[in-house]
Amino acid sequence: MSKSKTKAKTKTKRKSRKKKFERVDGRKADELRPVKIETGVIPNADGSAYIEMGRNKIIAGVYGPREMHPKRLSKPHRGVLRVRYHMAPFSVDPRRSPAPSRRDTEIGMVMTDALEPALFLERYPRSVIDVYVEIIQADGGTRCASVNAAAVALVDAGIPMKDLVASCAAGKMEDHIVLDLGDYEDKKGQADVPVAYMPKLEEVTLLQMDGILTTDETVEAVELAIEGCKQVYEVQREALKKKYGMDEEDTAEDAEESEESGEEPAESEEEDK
Amino acid sequence: MSNNIVSRLKRKKIEEVLEAGTRMDGRDLNDFREIEVRTNFLEKSEGSAEVRMGKTHIVVGVKAGLGTPFDDTPDEGVLMCNAEYTPVAHQTWEPGPPPHGAIELARVVDRGLRSAEILNMEDLGLVSGEKVYIVFVDLYVLNWDGNLIDACGLGALAALKGAEIPVFKVSKKNEVSETDKTQKLELRCEPIPITIYKIGKHFILDATADEEEVADGRLTVTLDENNNVTTLQKAGPVGFTVDEIKKCINIASEKAAEIRSQAVASE
Amino acid sequence: MSKSKTKAKTKTKRKSRKKKFERVDGRKADELRPVKIETGVIPNADGSAYIEMGRNKIIAGVYGPREMHPKRLSKPHRGVLRVRYHMAPFSVDPRRSPAPSRRDTEIGMVMTDALEPALFLERYPRSVIDVYVEIIQADGGTRCASVNAAAVALVDAGIPMKDLVASCAAGKMEDHIVLDLGDYEDKKGQADVPVAYMPKLEEVTLLQMDGILTTDETVEAVELAIEGCKQVYEVQREALKKKYGMDEEDTAEDAEESEESGEEPAESEEEDK
Amino acid sequence: MSNNIVSRLKRKKIEEVLEAGTRMDGRDLNDFREIEVRTNFLEKSEGSAEVRMGKTHIVVGVKAGLGTPFDDTPDEGVLMCNAEYTPVAHQTWEPGPPPHGAIELARVVDRGLRSAEILNMEDLGLVSGEKVYIVFVDLYVLNWDGNLIDACGLGALAALKGAEIPVFKVSKKNEVSETDKTQKLELRCEPIPITIYKIGKHFILDATADEEEVADGRLTVTLDENNNVTTLQKAGPVGFTVDEIKKCINIASEKAAEIRSQAVASE
Amino acid sequence: MSKSKTKAKTKTKRKSRKKKFERVDGRKADELRPVKIETGVIPNADGSAYIEMGRNKIIAGVYGPREMHPKRLSKPHRGVLRVRYHMAPFSVDPRRSPAPSRRDTEIGMVMTDALEPALFLERYPRSVIDVYVEIIQADGGTRCASVNAAAVALVDAGIPMKDLVASCAAGKMEDHIVLDLGDYEDKKGQADVPVAYMPKLEEVTLLQMDGILTTDETVEAVELAIEGCKQVYEVQREALKKKYGMDEEDTAEDAEESEESGEEPAESEEEDK
Amino acid sequence: MSNNIVSRLKRKKIEEVLEAGTRMDGRDLNDFREIEVRTNFLEKSEGSAEVRMGKTHIVVGVKAGLGTPFDDTPDEGVLMCNAEYTPVAHQTWEPGPPPHGAIELARVVDRGLRSAEILNMEDLGLVSGEKVYIVFVDLYVLNWDGNLIDACGLGALAALKGAEIPVFKVSKKNEVSETDKTQKLELRCEPIPITIYKIGKHFILDATADEEEVADGRLTVTLDENNNVTTLQKAGPVGFTVDEIKKCINIASEKAAEIRSQAVASE
C-alpha cells in the first residue's frame, strides 16, 4: 500500500504551483462564468425559464398552483412545493440512465428548501406548485443554475414571491477560494460550496459543502458565493424586465405583511396528516 | 380519440374547418407548421439536434460509447433509441416510468432508423463478441403540441448526421483504447417519417395536440431519399381502406422529400 | 472498417440465387403456413382460443366486459379494450425474462387498435374488455397469429362484433414479395408487413412495416397480406362453426345499425378524464 | 381461507359432503382428478410438459443455457424455478409482479427439485468460477382450478425427464463453444409433491379452487421414488397435530408412488 | 462428466466418520444453541423482542392492531396479520442487497401462518397487526429464531394469545437426527426441518423441510424439533416473566372460550372482497 | 415542519421552554442525550457499531468485498453508504423503497466520509480497471427519535474505525485471491457530523423526534479532528443569515471535538 506516497507528492506539486495561480478559462477568482437567462421558453408551462451558466444548459418549467395528485400528499392549510431535478441522458459524459439517481432526489430536496422560503405557500391550501428542471447539458454547478432558472420560472408563472432566489457556488482550488467552479475546475477543486440567497431578505436558503476547508475558509466561501448570488440576481432581474417591461420589485410583495395576512385563523384548523 | 363533450365540440369545429379545406390555424391540410432545426448545439453529446415544429419542441442527443454486442450479432454495433416525455412538456405529463406513448415513439423512430440500415452496424463492431460501439439516440420532448414522431424522427436524423464519435484503437491483443480522434458517423440513408392523421374522411399532416386529440387514427410512413418505405405504423381505433393506404403513402412520399431537402440539407 | 465489403458481396450472392427461388419449407410465394384454431381452451375465461400458425403456439383469453380497476382508467360513455401481449420465457431461444419489454408494450398497443374497430365499445360504459395473449412458442408473425386468436376468443366470449379481424403478414425475401414469413425466413427477409383486416368491412386495422420496400412493393405486400387474411378468415370461421354449429355471420351484427343505436344521447354527457 | 357469507355457505356445503365421505364432484377424499401429461410438445425449449389435472392446466418449459456460477459453488451448474400466474388463468389474476402465491409455488417446486438433488450440479459445471449450465424451469399457469403445487411439481419432473440440453465443448484454454450435439439431462431421482388439504377434520387431495378457498390449510409432502421425503411445506392459518402430520405423510407416500407410475412412467 | 465420482467418495468418507460423531460446537444431538430473549427493545413499537439464538441476532417489533393501509386489503370481519421478514445487508456474508428476495417473501408467509393460529384475529375487524422482523446477524435457523422473537413481541404488545408459539428446527447431519443446526453445520447437513409449535394446544403451526429423509426420519425430526420448541418456550416465558413479573399463562386466554365470544353473529355478515 | 393544531401546540410548548433556556427533557440547548456506542459486536460484518442517542437507536454494518472500479477512477476502491428506515423503527415508516429522508441521510453521511477522504481510495485498488475493494457502509435505523444524521455519522466512523477487512493477494497475472489474513482499515481522519436545529430564533442540538417535527430547519456541519469542515447540509424551508451560519459552525466545531473524544476515543 505504497501508492499514498504518490498522492502526497502530487499535493506538494500542487502547492508549488500556487504562485502562478490562474483559472483555466482566464477568469478572476471572484468572476462568474457567463450567465444568460430567458423566460417563457415552454409554451405549455405556466411559467418557464432557460439558463446558460457556463456550459450548463437548463430548462425549468412551473405548473401550478394546481390540484394535487395523489390527494393524500396535499395539506389542508397550505400548498406544497415539489421540485424535480432531472438530467437528460446526454447531458453528461458518459451517457447516464434516465432513471432518477439518489443524487437527483437529494438535489430536488435541497432545491425545494431553497425556493420555498420565497413563496407564500399558505395561500394555496390543498394545492401543489410543481417545478420541473431538466438539465440539457451539465457543467459544474447544475444545482445553482437550476435554482436560478426555477426562481425566474416561478415569477414567470405569476406566483407572488417574497424575494427572488439567486444561487451560485464558491469553492477552493489550488488553495484559493474562488467563485463559481466550472467542471474542468471541479476535478481539481478542493471544496465546493453551493449557496442560494434571497438578496433582499439577506438569507441563505441553500447551503451545502463537500471538500476540506477550515472554518474560516468556509465562511469566506459562503460570503464570496453570496457576492456571486448578487451578480446572478441582476441577470435574473434583467431577464424579467425584458419580458415584463418592469422591475421584478413590482411583482414581489412585502414579505412580512403577506405572511400575516396569509395566516389562518386558529378556529379553522384541522389535522393534516 | 376521446368522447367527452368538450372534445366532441372541438372535433365538430375542426371537422367543419377541414370540410372547407383548411385548418384551425389556417394551414392547408398537407402543410407543416414552420420547422426549425438546430444541430450540434451541445458539447457533451457526440451529436445533437433541436427541432421546433410550431410549438412542439424536442431535443435529440446522440451518445456513443463502448459496450458489449448482442449474442446473435457479435460483430455488430448497437443502436438504441429512447424517448422521454419530460413532465415540463405538458400539464398532464408526470414524472415516472415512460408512458405507452413514449414507448411507441421510441420504437417507431428506432425501427425507422434500423430498418433503413442507417448505420453500417458491422463498421461499429470492434472486438467480436466483446466490444462494440453503442450509439444511443435519446429523444427528449420539452413541449408537446402534436406530431412527435415526425419531429423526433427528423431530429434523430439531423443529430446522427452531425455526430462525430470517438475513434477507438484495437490492439493486436484485442485491447480497446480511446484515441484523441473523432470521426463522422457515416449514414447510409436519410429516412424521414411522415405521419398522416385521419379525421373523419380527411387526412392532414403535422397535427397539433388538439387535432391529435380528436383524430380517429394515424399512419406513419418513413421513407428514405430513394423514396423507399422503411417503416409503417398505423395507430388508432379505426380501419384504413387499401385506397386510403395508397393515398397516405403518396402524400408521405412527396412530403418526406420536401422536408429532407429543407431541414437536413447537407452542408 | 473494411467489413462492409463482405456484406456487399453477400448481397450479390443473394441476388444470383434469385432465379432458383424457393422457400425453406417448400411453400409457394402466396401460401400460408398451416393454421389451426381451437376455441374454448381456457375454462375460466369468458372466451378463449388457441392458434397454431406455423410453429407459433398461442393462447388468447378474454375477460369481460367487466368493471374496470383502477376506476380512473374507465370511461363514462364507452368501454375500454385492453390487450396484453406476453411471451412465455421458454417461447423463444434463448430464454427471455418474463418482464414485459418495450416491444411487448408496442404490440399490445397495435393489437388493441387492430381489434377495437370491430367492437361496439360504446355499449359498455365504465367497463373493460381484457384480452390476454400468451405466446407459448414463437415463430415469425406472433402478432398476426395473436390477433387471429384474440378475434376468435372475443366471439367465443359472446361479444358482438361488426366483423371478424383476420391477420397475416407479407414480406420480401430474396427480392420476392411473399406471404407469411416464418422465423427461418425472417432472418434473411428484407421486409415484413404485418396486416390485420376486417374482411366484410374491407378495412385494414393493423399495419406495420420494417425493412426496405419501394412504394409499389409496399402496396403489393399489403395486398398480398390481405389475401392471406382472407384465407385465415376461413379458418377462423371454421373454428367457430365447429364450436357453435353455425356461421359467425349470425353472431356478427350489422355495423352501421348498431353504431347508431349505441350512440349516447347528447344530454347525458359528462366529461371523461 | 375467507370469511364472507358466500364463502361460508360454500364451506358448509363442502363439509357436509365430506362428512358423507365424498366430494362435490363425486370423488373420494384421496382421489385425484384425471391427469393428462404431454411432454416435449415445444420445439424451442430443451424440455417441456403440459399437465391437465381436471380444469387446472399448466405448462412447464425447461431452457438450458450458459451462465456464471454462484460465488460459493464455482463448479456447480444452476437450477432455477420461476412461476407465472398468467392473467388468462383466472378472473382475479392480474398482470404485474408475481403475487405471493406464485412466489411460494416456485419456491416449493424449486426446493422439491433441489433438495432431492435431482440433477448432479457438478456435472453441469464447465469452467470453474466462470461458465456453467443454467437450467431454467418455468412454470406457466394457464387455467387455475386448484392444486397448483402438485400439477407444477409433476410437470417440472416430466419436462426435466424429457429434456435434451445442448452439449458445450470446453477447449484447453477454457473457451466454451456450442456443438451440434444434445444430451439427455440425467435425473438422479423422481420427486413428486402431494398436497393434503385440511378442511375441518377432513383431509383431501387434489383440491379444486372452491375447496382450496374454504380449506383451513395444507401440507405438501414431496417424495422420491425411494419413498424419501425431500420437501415439506405447511401453509394456512391452522395447526397440525403430530398425528395429523404422520397421517399426511402416509397419504402422500402412497399417492406419490401411484402418480409417479401413472404419469411419468419411463418409456 | 467424471466429477460425480469425487462426490461419491466424499459420501463414503462421511459415513466412515459416523462412529465418531460429534458436533462442531460440542453440543449433544438434542441440545439447543444458547438462546437469549429480551423484551421491549424498540421504544416506538407497541411490542418488541430481541433474540440471540446461536449467532442469530434478530429484532421483532409489533405495531397494531391498527387501521390498515391500503384499506382494500383489510377484512370486514377480522383482522389481518402481516409478517415481514427482512435481512440487514450486513447480516450475511457476502453482503446482500436490501431489496426483498423471493426467499424473504416465502418466510414472511410461513411465519404469518405460524403465528396466526395463536391470535384472536376475529376481534379486530378491518385492522392489521404488523410484525416486522429484522435479521441483524444470520446464523442457521433464522426463521425459527424470528418466530420466537415475534411471538414474545406480540405478548409484549399486549395482544391476547391462545398460546405462545415456540420454534426450533431439527435436521440430519452425518446420518444423525439432531436439534437446531447452526450454519457451520448447515453446510454439511443432509436435511433441515424447521418447526413452530404451540405447546399448550399441541399443534405444529410451521413445518417445512428440505433435504432427504425417510418417512420415519421425518417424523423423528419433527418430534425432536418439538422437544426443542418446548425448551425454547421456557426461555420465552422467562423473558416475559422478567419483564411483567408474572407468568405468561396469566395473559394467555383460554382459546376455546374466546373463540366463541369472538364469533360474529351471522346477520351482520357482509362480503369481504 | 407541519401545520396542524397538535403540531402547533407542540411547537408553542417547545418554544416556551426554549425561551427559558432549556428543553422539554431538561437538557440545555447544546446538550446531547446520553450516547452509547458499541463496536464490533457483529461477527459477519467486517466492522460494526451500534449507537444509542437517547431513544434513537441505529446499527451500522461495514462489509468489504471485491468489485469493479468506476470508469473514471480505475485505480481506486469504492466506498458506498446506504441507509435503511426499517419499518420497526417508527409507526409511520413502511416497508418499500427508501423514502426521501433515508436517501438524504445516506447521502449526507456518505459525502461526510468521502469529502473528508477518510479512506485512501488508491490503497483500495487491486487490479487497475478490473478489481478493487468495495466498502459498504449500511446505516440501519432501529428506533427513530430524531437526529439520525449525527447518530449515523458517528456510527459509521466507529464501525469503519474498528473494521478489519480481508487481505487479497494479486498474482503477477493479475489474478485476485483471498487470503486468511485481515487488516485494519486505515482511516485518514475522523469526521463527526453535528446538526443544529433552528426553532424560531433558537438553535438546539440533538433534537428529539418531537423537536424535529416542529423545527424550521437544520444545518449539519461535519468536522474532522483538525477542525476542518468537510460537509455542510442545510435543510428545511427557512433561510439562515450569515451570522447564523457562523454561529452554527462554531457550535458544531466545539461539539464535534467533544463527541469525538467521548465516543470514538482510540484504544
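As written, the chain order gives the labels A, B, C, D, E and F, with residue 1 at the start of each chain.
Definition applied: a contact is a pair of C-beta atoms (placed from the backbone, for glycine too) under 8 Å apart; a residue touches a chain by one contact, two chains touch by 3 or more.
Being a predicted model, the structure only gives us computed values, none of them experimental.
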Those chains that touch chain F and also touch chain D are E
Looking at Cα centroids only, farthest away from chain B lies chain E
Cα superposition of chain B onto its copy chain D, rotation angle rounded to the nearest 5 degrees, comes out at 120
Max Cα-centre separation from chain A goes to chain D
Here the gap between chain A and chain E, centre to centre from mean Cα coordinates and rounded to Å, is 51
Between the Cα centroids of chain B and chain F the separation in whole angstrom comes to 47
Chain F residues touching 2+ other chains are none
Residue ranges of chain C touching at least 2 other chains are 94
Contact graph of the chains (line, ring, star, complete, other): ring
Cyclic order, anchored at chain C and moving toward chain D, comes out as C, D, E, F, A, B
The chain F residues in contact with chain E across the complex are 42-45, 48, 55, 57, 59, 61-63, 65, 82, 84, 86-91, 95, 136, 138, 140, 142-145
So, in the complex, the side of chain A touching chain B is made of residues 42-45, 48, 55, 57, 59-61, 63, 66, 84, 86, 88-95, 98, 100, 130, 132, 134, 136-138
In the complex, chain E touches chain D at residues 1, 3-4, 6-7, 75-78, 81, 94, 102-103, 105-106, 109-110, 112-113, 116-117, 191, 193, 198, 201-215, 217-219, 222-223, 226, 266, 269-273
Residue positions on chain B within touch of chain C in the complex are 2-6, 8, 71, 75, 100, 103-104, 106-107, 111, 114-117, 120, 122-123, 125, 217, 219, 223-224, 227-242, 245-246, 249-250, 253
